[in-house]
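After this come two complexes, each holding subunit A, first together with subunit B and then together with subunit C.
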Partner chain A sequence: MLEAGLCNYVLITYGHNARSGDSMKKLLFAMSGDDAIFGHFGATAGYAMAARRAMHEFKTGPQTWKQIAVGQRKWANLNPRAMMYKQTMSDRDYDTAPRVVEPFGLYDNCLISDGGRACIVTTLERARDLRHPPVTLMGLGMDNPSADLTRADYLAGPTGARRAGRQALKMAGITLEDIDACQIYDCFTYTVEITLQDYGFFQPGEGCDWLRGGTIEPGGSMPVNTSGGLLSEAYQMGMTPLTEGVMQLMGRCEERQLGPQTKTRNPEIILCSDNGGILQSHACYILRRV
Partner chain B sequence: MSLKDKYAIVSVGYTPQGIVPERSALSFHLEACANAIEDAGLQKSDIDGLICYRHFPPSTGEPDVPPYLVAQHLGMTPAYLAQDAN
Partner chain C sequence: MTYTKPLPQINPDTKDFWEGCRSHLLQIQKCSECEKPRWLSSFMCPYCLSTNTRLFNSSGRGKVYSFVVYHVAYHPSFKDDLPYVVALVDMEEGFRLLTNIIGCAPEEVHCDMEVEISWDDVTKDVSLPKFRPVVRIHP
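Our next item is the complex of A and B:
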């Protein structure tokens, strides 16, 4: 609409009383098919099945996902807005968490939150006249490879992240080497792994080693989900990663700000993702501070 | 022509989040929108496009929240309204 000249300022909004209302329960029951009588219902079961398949096809599992859950929690502990701001997570906390749907324990699951999030998009020219440093959409990519889990001809990837990521990098004219941080849609820990893997940050099964040593944490070489993400900040859908990418590039993240104070690179380019269904649809955005 | 760097995100609107009882989905939309407009330093009359990100069934006792309802309650009449799927 902006490109067509029909709009100057587009407001994008999300809001939901998902935690205190009964909407999510209705949605998850509505998603359930005949397989619910065998115990397969809701988003967790779908992602758990995909993750289980991945465990058969390449080296992954809780030892990989623990590094994602614990690493993101360290970012949340720097973010007063995060639901988990005051709750630390140790390796042992992760290991001993109640099981939800195998192979997932509690901390492989995102939060369910009340709240809302909005942002405004305009032309770069108009953006320069406003209050904050503009954050441009440097690259965009989308790929929607299947209609639902049972019709997917993959379970362990490549997901839509493969093509969406390539499109976004091509449009931006950069490579993964140019990315300073990532904000990845993290409905489950496994979603972060398969998304980064399909973008090409590591080869299938190498995620566990890539993550080792705090790669995604404060002080790490590739910070991921610096607000705590859907796992540890709050579930504002894809607005959680998108707006965190924007706030980091604007330099407005206070204690968790990327740069010297968190012993990370000063961010100029941040890659964000969103996905829908059970890994059915995918969007990749590359944001840049100009 | 490439869209690279032609468009920019200029503000973010937050709301209280977590466990925030006794609030409608619509109320979170309105608060987030108002905060995003203020954060940009814009007026609501400047906004001429509104996109509601994803759409869920309303909780019991609440109205469905399509974008026109958000616009109406904000007192805006954008030229363009859109609803993302869920």
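Our next item is the complex of A and C:
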């Protein structure tokens, strides 16, 4: 639409009083349908079901997910906008958290937040005249494997991330080696693992080793969810990864800015993801600083 | 005692299934074109879009595909059941359904565990297909 001149600026926006209101809870409850007969409700259990199958198929589990929860919290502790800015999380905090729907404990879940996000898309030509440095979209891929979970065989991967990731990298003309950081839709810890795994950052079940030593944390070799993400900053749907990816590339992230001050690479290319349902739809997009 | 948990929202698509349950029959739709069984019921085959459908009675035997253990009651009526198990079960005939695993402790449930149907007559009109571990040896 922008290239065709149908419009000049597109505003992508989101706002929700999900924490102070009850609309999110009502939405999740309504989604359950007849699953409620068996006491099956909401998104936590749906992803926990996927995570349990993954534990069976490739030996993942809380030792892997802990590194994601704790690692992202360290980013949130550098982000004054994050709900968890002032709350640190230790390995022990994760281990001793109340069980919610096993295999998930409290800290495998994302937050429920009040808030809003906005992002403006325009042509590169127009963007060059604006206040902030432009960020371009290099690649995009989407895959929607199934509408019905009782017919889903991908809960332990490959999810839609496999094909969407390949499409996005192909369109961008790059490989994973070129990625400086990731902003992954992290509704649950396991979502981050399966998404990175399906993108090809590590082989099935090798996530625990890949994450070890703070790979995704400040100072790590592949920073992930540098705002704290949905797990530790705020749940703003797919806007949390999108806006963080854009702002990091613009250099607007202050204390958590990727680069020398967080002992990470200066970011030029950031890979982002979004997914919907219980791993039923997936989008991967790659952003670049120009 | 009044049953306070959610009950099935029976519609023309699912009527046959729930009527079967009432008679303790796991009555499942199978597409007459592509021969694929499906659950939940629908007027059209999700694989080949045929509306040509017949019913068959499932053996009621299957294996746990995956499962979760609830430690939080999202509806107050489930509070006394905590912790309880919700599972996806792969049935012998090639379809998968959502159910509860009963008759064993949650920590005994595992993926690929063999299970068989155990009817739960929750009201005079509604029986729920739940599953329990297959017991191979009777002492």
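Throughout what follows, the second predicted complex is superposed on the first by the 288 of 290 C-alpha atoms of A that agree within 3 Å, B and C clash if a C-alpha of one lies under 4 Å from a C-alpha of the other, contacts with A are read in each partner's own complex, and residues count from 1 in each chain.
Just so it is clear, contacts are C-beta pairs under 8 Å (C-beta built on N, C-alpha and C of every residue); 3 or more make two chains touch, one makes a residue touch a chain.
Every value quoted in this text rests on a predicted model; they were computed, and no experiment measured them.
With both structures placed on the common chain, the touch criterion links A:Gly42 to subunit C but leaves subunit B unconnected. Applying the stated contact rule after C-alpha superposition, one finds that A:Ala50 touches subunit C and leaves subunit B untouched. Of the two partner chains placed by the overlay, only subunit B lies in contact with A:Lys26; subunit C stays clear of it. Look at A:Thr150: by the touch rule set out above, it reaches subunit C but stays clear of subunit B. The partner that reaches more residues of subunit A, of the two candidates subunit B and subunit C, is B. Of the two partner chains, subunit B is the only one touched by A:Ala234; subunit C is not. By the touch criterion defined above, A:Val101 lies against subunit C but remains apart from subunit B after alignment on the C-alpha atoms of chain A.
Residue contacts after overlaying the shared chain place A:Gln203 against neither subunit B nor subunit C.
No residue of subunit A lies in contact with both subunit B in one complex and subunit C in the other. By the touch criterion stated above, subunit A contacts subunit C in their complex at residues 29, 33-42, 45, 48-50, 52-53, 55-56, 98-103, 147-151, 155. Subunit C meets subunit A in the complex at residues 5-9, 14, 38-40, 46, 65-75, 78, 81, 83-84, 86, 88, 95-100, 106, 110-112, 128, 130.
Residues of subunit B that touch subunit A in their complex: 2-33, 35-37, 39-42, 46-54, 56-60, 62, 65, 70, 78-80, 85-86. Subunit A meets subunit B in the complex at residues 1-3, 6-24, 26-27, 30, 81, 83, 113-124, 126-127, 130-132, 134-140, 171-173, 234, 236-239, 242-243, 246-247, 276, 287-288, 290.
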